[in-house]
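What follows is chain A paired twice: with chain B in the first complex and chain C in the second.
And now, the complex of A and B:
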């Protein structure tokens, strides 16, 4: 680890996100005195899998390799900055798909080495949480992280985000995507499933509701939903039933965690946080527990470079430490609850 | 090189990439090296430098692994070169 002393009151950080289908670069400005941040520029390109197919790691990484030079160039141009003016370079080091993570890591290392800038690896899930807190202004929330890669209920204690519940098998995003692909939708399928559910006659089709302790399980629900398709059930009512069942499971575990922790804020982040039905159910649960629901702004609910840039800036400001390039890792299964968060008390 | 079966044949590829600047070559070599870990049985990859050139030697008992790895490394060199082109 290197120690670097900063004397400027602001810092510029580049964040590179490449864990799965999104390649994104963002430049953020960090005000050292006020301890707040501003997104200066952000560019993204999203890999689209063929209809009915899931994300293929090597194909997604090819997309990232094709798009990354132009995305970075455009990000720097929008920020009106040269790479020499950046203070730190950061990248999503995991969890994620190996070939995709390597693209972001190679770019970050090359820039860090060539321009002699500190390099910061960032946990992607932590990025969702930290950016969500910065954008919504909440202080001490219970967090529901729901996306294609994560389904976790988190609360902060003793320097780490602690897991109060998580999925035992599929994530909520995988449930929606796998069912969506089964009915020939293109990933990500969440928006379309929400649209089908909204337009349905709201006739509930019973599906397995599985909560074990404070964990959830979606694999049985997916199998049952698929078998209902074979039986000829109405697709829109099935979409409605999948949402009602899975979101009720999530709401139950969130409400139980709220009751236990006595938190007065709930923050929902990740791609599935854009779903209005899930937001409605969580709002009601939060009100019952005398808490307030905060939702990450729609444009930043999915994967983005700002979550990486912001988390890296917070991390670097807390300890002024960076990683040596030869030790800069990627970790496909890097757990959020193994990361020390030194800037939060 | 870890080999699972000594009787299996090995295929190797040697690549030499020349750069206009030594600084560029060093940055790209540094960017690639950390991912050269946890090789499967029957696979080996070595990188070194000579003047302005990056030398890569890849050996594998599996032709598909050899092709995919070579493809990924060349693509990584290409994007790393493009992103530091601002200088």
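And now, the complex of A and C:
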């Protein structure tokens, strides 16, 4: 099964994503000569938590179990491809919720062993970054990864994505979700909070602004926002103020990292990158530093199978290394800066 | 300021402030102006710029008492968020970092911490080397604190900078930095390092 060398100029990869609320399968085609890729088909199903509560790992994994056969079948069908035509099978191996990760891993192992295809574990966060770069076509960006699981500023150096700044406690997604749930929204709450903020009277309610060098901290901001609810502050104005404060913190640390690294591109990826106010702030900061902002297309800012398929294809193409089923793993806290990226220089 | 525009030269557009080289009573000086950030809410922005300017001006002079070399403060205007200070014509440590400089930085940080000053933005670009003396700048995020937690955040930040921007030197430079720190501090370095570990674990996926 090792060292399957293809003579053909394209490769097909299946990516299975199941880190948190999203179960998704994607089939991508990798052009070996041009070193670019195309999403042939992608299917998703998103677990919706009851309003006021977060993702329950067990319930989410059950959702993934229930939906996976249908999603996988639909994905293969829309790609018009037989599983035997696939070159590799990949899955998100972490970081994420254990029970959810296991669903994807089990399906990937089964497919890999039944069809005798190389199995590739992929770091989910790396997937966000790599797919974002492919879709936007940027070359050497400073990356802001903002989602429910991550808040990091990254730049590539010496074979790995290095962390220039990150959150010291909550991620930006957790901040928005936990506040959203507190006011009885259902996660993910980012959209709804943005809507509230836009419709508010834009009266700013002071909230703690915590920047520690290149790092941010959101836990105090969350506590303060919650206590403002108890005091009877207007919810829409509070949503506006949370966005203004937390996004300004993020933008400031991005500008700091930009000024330090002198990069000319900024790439924003992850679920929260869909927020237009955040994009607007970053555009202004990037402009000041003579850099250009690229944001991941809306449809691919959230979790998706393509980020897994694409990263696995790049990885496999660079070293033709796969993992034996008995050694295949999931790692709930697999840090991005511990992954070697062999296809970038 | 009534300075002719012609004599004012923008030398750096930093993340936080614009740095100008200006004539000041017959000498070269640095004018650091924290410009209005158009992306930030006006109320929030005014507050931040004013507060940081006052902090920075205070600390620049305060830390001299402990033997830390900083530029001399000439003038401060909290409303314009402007500081005018001595021009240090040296080399930025970001470009010339070595083990021995990391050691010196460690000693500096230990002195600050023993006096309960937290710098808050310990990056290599905030140190300047001139004729063998080390200048520390940019006190905008600095504050007074006795808490080990705050001291540990300072150390963690420097570690993060080394492991991202100076990855080739990371291991040796961080070791020298810690050696320098423990050689000067009265605090228990192991206790602080333990908290550094705790802070690193607090984030997700660590």
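We adopt the following convention: the second predicted complex is superposed on the first by the 344 of 345 C-alpha atoms of A that agree within 3 Å, B and C clash if a C-alpha of one lies under 4 Å from a C-alpha of the other, contacts with A are read in each partner's own complex, and residues count from 1 in each chain.
Everything below uses one rule, namely that a residue touches a chain if its C-beta (ideal position, glycine included) is under 8 Å from a C-beta of that chain, and two chains touch if they have at least 3 such contacts.
Please read all numbers here as calculations on a predicted model, not as lab measurements.
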{"item": "Clash or fit (per the criteria above) of chain B with chain C on chain A", "value": "fit"}
{"item": "Partner chain in contact with A:248 - chain B first, chain C second, else both or neither", "value": "second"}
{"item": "Chain B versus chain C as contact partner of A:83, first or second or both or neither", "value": "first"}
{"item": "Which superposed partner A:327 touches (first chain B, second chain C, both, neither)", "value": "first"}
{"item": "First (chain B), second (chain C), both or neither touched by A:99", "value": "first"}
{"item": "Touched partner set for A:111, first chain B, second chain C, both or neither", "value": "first"}
{"item": "Touching partner for A:292 - first (chain B), second (chain C), both, neither", "value": "neither"}
{"item": "Following superposition on chain A: angle at chain A, chain B versus chain C, Cα, nearest 10°", "value": "120"}
{"item": "Which of chain B and chain C A:65 touches, first, second, both or neither", "value": "first"}
{"item": "After superposition on chain A, the shortest CA separation from chain B to chain C (Å)", "value": "18"}
{"item": "Touching residues (chain side chain C, partner chain A) in the complex", "value": "13-16, 37-41, 43-45, 48, 94, 120-123, 125, 141, 153, 157, 160-161, 163-165, 167-168, 199, 202-206"}
{"item": "For the chain B and chain A complex, residues of the former touching the latter", "value": "23-24, 26-28, 30-35, 68, 72, 75-76, 78-80, 82-87"}
{"item": "Complex interface listing, chain A residues touching chain B", "value": "58, 61-62, 65, 68-69, 72-73, 76, 82-83, 99, 102-103, 105-107, 109-111, 113-115, 325-330"}
{"item": "Sites on chain A touched by chain C in the complex", "value": "95, 149-150, 155, 157-158, 162-169, 171, 204, 206, 209, 211-215, 244-245, 248, 251-252, 255-261, 280-282, 284-285, 288-289, 332-337"}
